[in-house]
Amino acid sequence: MNTASQEEFIHKIKIALGKPLAESQRNVDFFKSDMSDETRGILERIKNRTPEERKKLLATLIEAAGPINLKVISCEDINSVTAAIADLVRDKDPEWGAKKSVVAWQHPLIENLNLPEALSPQDVTVFFTDVKETESGNLRQHVIDSYIGITAADFCMADSATMVMRTRPGQARSVSLVPSIHVAVIELNQIIADLKELYALLKWDPQESKEGLTNCMTFISGPSKTADIEATMVHGAHGPRQVHVYVITS
Amino acid sequence: MAKITTENYVAEAKKAIKNQVLQEALADLQHRFGRGTAECYRQLPEGPDLRLRAHDIRMKDIENLDVVLETLVANIRKNGGHVYFAEDGQAAVNYCLEVAHKHKVRRVVKGKSMVSEEIGLNDALVEAGIDVSETDLGEYIIQLAGETPSHIIAPAIHKTRSEIGSLFADKLDIPYDDDPSRLTWAARKALREKFLAADMGTSGCNIACAETGHITTLSNEGNIRMSTTMPRIHVAFMGMERVAARLEDHDILLRLLCRGAAAQNMATYVSYIGGPRSAGEVDGPQEFHLVVLDNGRSRILADEEFREMLCCIRCAACLNVCPVYAKIGGHSYGYAYSGPVGAVVTPLLVGINRAADLCQGETLCGACQDICPVNIDIPRMLLALRTKLAEGDSAWGVTPADRKEKLLFQAWSWMIRNRRLYDAAVKLAATGQRLFAQKDDMIGRLPPPVHGWTKGRDIKPLAAESFISRWKKSL
Amino acid sequence: MSSQKKVTLFIQCLVDTIYPEVAEAMVQVFRRLGISLTCPTDQTCCGQPAFNSGYRRQAQVAAKHFIEVFEDSELIVCPSGSCVNMVRHHYAELFRNNPQWLQRAQDLAGRTYEFSEYLVDVLGVDDLGARFDGKVTYHDSCHLLRGIGVQKQPRKLLHHISGTDFIEMHNSDYCCGFGGAFSVKYPDISNAMVTDKVKNIIDTGADAVVACDMGCLMNIQGKLSRMGSDIKVMHLAQILAS
């Protein structure tokens, strides 16, 4: 077996680059940079964004969501989101089995929806992906069995209609992936303009950079899709066939 | 190792040209993605010149690859991931097999990755008795059919819906259907079972970010997310050059990658993976392994003439505008990488003589460079490869490809510096051409070595008198 | 259009030996504009065929000869975008390890223009008073378009020809499949490409297809002839001279 240790491997690269081997220290500066004026401007812009500007971003988001079949619904308050989700649960049928169940993140915004109560008249169980479920060993199966997965998001980038989610205890990655329908609930102030703003926040904002990207950050821009058979667009290749984003505007 | 059939370029091209279904599919693909990508660049806030900045970013990453890579792997290890450096494809495959063996892996799901095609991962896993499923729909179709991908992004572009319908009826034991939606959902169902049962998932890496310590994977289907979320082990393969130093650089590269690959602002799914699931997290793989692959790349890195090729982020935009690819499809290129990128990368990886037709079988039209999200000068490198073939090159182990041609050009170079010799040669040719059948002032048949021209075309004969001669006389 | 520099004609080898009428048309256009001309009769070929096939030493021989022949010229004009691209861009590559010749090549490159580029960008001419009755379409030659960035100039000139109905073809910027030695080494691929090109030309219903490079036009003409089509193949200079 032709293995190479890291040292040998990097050594080979240095030789290929024609670098004197002692010189690698010189490049340590490569990563060191101070916050640029541009980044400072971006962070200021995000911080000082007015409600009107946020509404404008929402409009951009809705416009970008159209072509990628992402449904963005703005709701006045959290109660109307709960009602909308209850309607969705009533209207949609499970893809894989007969029984309707819903799986949701352990997250303040999601817990405030009071879904177990709202869905109990329909006899639909809501599972939360909390540590207790994990310990019981049932979490994976609940995610697989549920036809709707409900999550929050850290940010939503308006220009590409992209939700950004970082992984945390209680907030299973599979909730936005395995169920047939993905529902995300966000607040208006979570909408940012674009990737540049996101990266500026993650790298330079004192609060956000502390957590960083986590070990798994996911972008989701609409439902799963493929065009691998005669270039015909089909939604629901492996991931959710539908994605609904509720934006709380109050 | 993956099969290499670069010698069949001409024969495969001929087959592809005759395949009407493929011709239509390729034309459609280019019409939608080629034009769409150019339009996407125009709509960038920074404009299409962002490609030039991206080129500089990539070159800087490549020229500091040692530091950038060491930073990446240090961060990944800090996050609890394992990193393995593989000098060649065999080492990469063996490492994956070792991990599989250690964890008693029986089923593997593969997220779409070109580098795994390059190293022949599938066959190696199958040989080891492991059940492997390709999970990208196109790759899955190709796997069921026992074929190889014909496009980097759209691997099954050469197959019709009815072929896929018959294939699924046969392999998935379902009634024949040729509706793309229902076929997709049949695959969705079959693959869902695979995802949920798999012990190990594999992926490639589109573009890693060193300073944060993450690989990034992109897909529209969600197959890569499934492969890297549901199984207990995730092994990622990354060509050693596929890394950006900082987030600011990653921003530009990621946006251009999405536009180049599928003319979209953002792939449906982008995952940043930095390690296994952390303490307290409820799902995600328990182990994360990154395999960093050389497999001939350090040799490319060492040659300043070709170093630029390592800027490539494998978006396949060049395939979508290349007029040669449009006619011959991906299989003609005989290796994992097709189109203009393949025409440069494949000779450098598998041997320049062996892939001589890939270096010479293009028109140097330049469409590939114009659409490249990182503005790689592919025509320049094709010309450099041809020079190696013409003159031989010991560093790359190239022998002159065609000694007769070389003699011809040597003679030509004598003639070209002397107008009288030149005139005499033209006159000789003009006399010779009278021997060949003419119709309406056109020649319908030429002798070797230029007989290829008249296979499908006529040619105008040499004029009775050259312009220079006319100028001398009267003008 | 006063105090014009004397134009030195750089005649592409294909034009010189197969299509002398194209060079004559160019001469006619220039004379109509009152431009004084000269034409070095020692010129042969810029070296592109050897360069594109990888024979750089041989290409250098041609390039040196070219430079010696044209070095004293004030301004050089060529009826081929491909040849201009060779002189403007590839000579630098050819002499990258030869500073002396590199300098000479670069000086020359700065004074070398393609025909339509010279008319529109240097002289500021777009109406030559030409007349052509019929439908015309235009093929963008690769090196002209992507190599030296000439796209609008020929169209501008064509739009001012009276009696002409200009129609853009589908994929006018797609390569015709010529590619020099490529067309002989890979005839099946080349033929498939020119078949597409010719189909797009025929689909416009044009009476004539115009381009600024006889390499492409020789290929297109060869295919049209084989198919028995009577669509005329014209260099821009020819239609402007008519």
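In this document, chain identifiers A, B and C correspond to the written order of the chains, with residue numbering beginning at 1 in each.
The rule is short, and it goes like this: a contact is a pair of C-beta atoms (placed from the backbone, for glycine too) under 8 Å apart; a residue touches a chain by one contact, two chains touch by 3 or more.
Computed from a predicted structure; not experimentally measured.
Novice: Using CA atom means as chain centres, which chain is nearest the centre of all the protein shown?
Specialist: That would be chain B.
Novice: So, comparing C-alpha centroids, which chain is the farthest one from subunit C?
Specialist: The most distant chain relative to subunit C turns out to be A.
Novice: Taking the mean of the C-alpha atoms as each chain's centre, how many Å separate subunit A from subunit B?
Specialist: Spacing between the chain centres: roughly 30 Å.
Novice: In whole angstrom, how far does the Cα centroid of subunit A sit from the Cα centroid of subunit C?
Specialist: Computed from C-alpha means, the inter-chain centre distance equals 54 Å.
Novice: Can you list the subunit C residues in contact with two or more other chains?
Specialist: Residue numbers touching two or more other chains: none in subunit C.
Novice: Got the subunit A residues that touch at least 2 other chains?
Specialist: Residues: none.
Novice: In the complex formed with subunit A, which residues of subunit B make contact?
Specialist: Per the stated touch rule, the residues are 25, 28-29, 32, 63-71, 73, 79-80, 83, 85-88, 90-91, 94-95, 135-138, 141, 154-157, 159-161, 164, 180-181, 183-185, 187-188, 191-192, 195-196, 210-212, 214, 220-223, 225-226, 229-230, 240, 245-248, 250-251, 254-255, 264-284, 288, 292, 294, 298-299, 301-302.
Novice: In their complex, what parts of subunit C are in touch with subunit B?
Specialist: 9, 11, 15-20, 23-24, 27, 39, 41-45, 47, 49-58, 61-62, 64-65, 93, 142-143, 146-147, 173-175, 177-179, 181-196, 218-219, 221-223, 225-226
Novice: List the residues on subunit B that touch subunit C in their complex, please.
Specialist: 10, 13-14, 17, 323-324, 326-328, 357, 360-367, 369-370, 380, 383, 385-391, 405-406, 409-410, 412-413, 415-419, 422, 426, 440, 442, 444, 449-450, 452-463, 465-468, 470-472, 475
Novice: Can you list the residues on subunit A that touch subunit B in the complex?
Specialist: So the residues of subunit A in touch with subunit B come to 1-6, 8-10, 12-19, 24, 27-28, 30-31, 33, 64, 68, 96, 129-131, 133-134, 139-140, 143-144, 157, 159-162, 167-174, 177-178, 195-196, 199, 202-203, 212-232, 234, 236-240.
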